[in-house]
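Please go over the structures that come below.
Look at the two complexes coming up: chain A is in both, with chain B in one and chain C in the other.
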Partner chain A sequence: MVDAVLFEFLHTEMVAELWAHEADPDPGPGEQKMNLLVLESMGFRVGQALGERLPRETLALREELDVLKFLCKDLWVAVFQKQMDSLRTNHQGTYVLQDSSFPLLIRMASGLQYVEEAPKFLAFTCGLLRGTLSTLGIKSLVTASVVALPACRFQVVVQRS
Partner chain B sequence: MVDAVLFEFLHTEMVAELWAHEADPDPGPGEQKMNLLVLESMGFRVGQALGERLPRETLALREELDVLKFLCKDLWVAVFQKQMDSLRTNHQGTYVLQDSSFPLLIRMASGLQYVEEAPKFLAFTCGLLRGTLSTLGIKSLVTASVVALPACRFQVVVQRS
Partner chain C sequence: MISDADHLADSKEQKQESTEVALESHSEEELANRKQSRRKEIEGPIPHLSSAMSRPAHRRPEYHKINKDLFVLTYGALVAQLCKDYEKDEDVNKYLDKMGHGIGTRLVEDFLARSCVRRCHSYSEIIDIIAQVAFKMYLGITPSVACNNSSRNEFSLILDKNPLVEFVEELPAGRTSLCYCNLLCGIIRGALEMVHLDADVAFLQDRLKGDSVTEIGITFLKKPDEKKYRRKK
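Our next item is the complex of A and B:
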């Protein structure tokens, strides 16, 4: 019923609230970046907290690729009620996760002019991935890009210590 | 698995983020009130949006009391995975909804000294109730109070036009 969309609505409101603080209707790149960082770090902490709730057998996943597969399947279904559409890797610590219809982008109009608005709808989820990976013992950098709305791609680059 | 707690974690982060903006560690009553208003209005818009997703038969509920019962049962289960513990009314448009173990308060330590922190964990939900009621055609004022953590009480006063 309504529970599946609760996260989505709340996320929309968070984004709106952050950008509502902008007195300037056309905020500079600095303010824009600060908001994206805030969203990313909220996502990171939510991801960490979710990670701590995972069943023990998940925490015991030893292979990096298995952890990434877990995110694409279980985490995505839990948060977005769908699986990630594809996962590719260069087998050297870089993973590309593609969602051909990312729920947080679906409500955006699909014109090309909106592509520049997309980062604010991706920052939280980048953090969510990074935070969950962190709890699972993998330090990473996560970025996102949009080619054609509502498809997007998350790139995870594992940081070897 | 993790989906049940996603809303809770996200809510915690929202509250933390709003209060993080306070440069002053002991913000004045004005700033405190502004943050509570922000949370309440985010809750309102999420409630409105959720209301619009309700099945048609819910929207057709004609009796005020039935609408309130619906919130206590269906809405609460969807958002908090539990039902409200009791619902009382004076049959004159005032309803008292009691949750003896409100999920958003459970993580708070239960000392008396934390009771004054409680409003920030209740404001969003007051808005959520007000917003859902609004979509169901009922204009209301919703306030919350805490007697002993983690129990709390929401009071809904219907505004007759």
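Our next item is the complex of A and C:
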């Protein structure tokens, strides 16, 4: 049983590398910066793979709202050991998921300090949500915003083709 | 991808947009209590989810699986990304070791807080604790230990099972020198450094490279003015 804390430490280290690269104004040739997009796309890959490991009944969820509810409850509990605190929707494909105490932000600070750094700690999770939704058949754009740590908000906009 | 960047950058604008769209709070969720889980129905009954209330949600077997897979999958994505960023295997290995070192310096605090290890009097006791307590606690495996020399400062951890490579069948093409699990070496090295022990930690054998076992070598280095076996618990 891999301990849950390992993911948190690994995630922190990945974000720290992002910091380090930002401080370096001129990365070497052929060296791609570990930036927000990279973190988000890594989260997407992991989310897709996690989606494939979900119990069968979740793959049978037909309603979009049910899928989002699943994300807020089951997926969040499995990944972060707690449920999402609130889910709001306009019933037209936009969902706002609010976590008042996001585990990856808790160790940072509380309040308004470091709000600018918070997006780095949310990029991977945005990708994770987007990837899991993708496996469940929903194409989306996921963004996150922070007003005061450790509360944050994930916005899911479903892309209908 | 480009639109993702825009969205990530303009988070403040997004917030304003969403209030203008007039989101209705049809589905406010209550915080789930560990002992007593009580749910407000959002819209109609959800039979397949309500069975989760019989015991704490995160203890259900399928959640264990997702949780265990999360680290292994994230690690795999990290290695894949590093292989994209760096052409040479040595560079990927070095980067993994460096990241592991950063993790190890913090992990050791978590370890000492959660385990009840007693004061160690020898290098071999320390190695036993790494193999039997630390590896067990974090990866759920117990490597076997071997001592490689008579001066008793060179040891090996032999990994029979390795959760990190659960989804890896073979190394990517052209990556024959990649030490896929090099993060582990960095973690051990960083953790030992925090308790004032310098060591070289590296893979001696690797099943992914065709060897029969996966073996991590740990060589304790003596500092010039080091007191013998100084380790605080």
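What we mean here is this: the second predicted complex is superposed on the first by the 143 of 161 C-alpha atoms of A that agree within 3 Å, B and C clash if a C-alpha of one lies under 4 Å from a C-alpha of the other, contacts with A are read in each partner's own complex, and residues count from 1 in each chain.
The rule is simple: a contact is a pair of C-beta atoms (placed from the backbone, for glycine too) under 8 Å apart; a residue touches a chain by one contact, two chains touch by 3 or more.
Everything numeric here is computed off the predicted structure, so don't read it as measured data.
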item: Contacts of A:158 with chain B and chain C, given as first, second, both or neither; value: neither
item: Partner chain in contact with A:65 - chain B first, chain C second, else both or neither; value: second
item: Touching partner for A:108 - first (chain B), second (chain C), both, neither; value: neither
item: Between chain B and chain C, more extensive residue contact with chain A; value: C
item: Partner chain in contact with A:17 - chain B first, chain C second, else both or neither; value: both
item: Where chain A meets both chain C and chain B, residue numbers; value: 1-3, 5-7, 9-11, 13-14, 17, 38, 42, 45-46, 49-50, 53-55, 74-75, 78-79
item: Sites on chain C touched by chain A in the complex; value: 1, 3-5, 7-8, 11-12, 14-15, 18, 21-29, 31-32, 42-43, 46, 48-49, 52, 57-58, 62-75, 77-78, 80-81, 84-87, 99, 102-103, 106-107, 110, 137-140, 163, 167, 183
item: Chain B residues within the chain A interface of the complex; value: 1-3, 5-7, 9-11, 13-14, 17, 38, 42, 45-46, 49-50, 53-55, 74-75, 78-79
item: Complex contact set, residues of chain A against chain C; value: 1-7, 9-14, 16-17, 30-32, 34, 36-38, 40-42, 45-46, 49-50, 53-55, 57, 65-66, 69-70, 72-75, 77-79, 81-92, 94, 96, 119, 123-124, 126, 141, 143-146, 153, 155
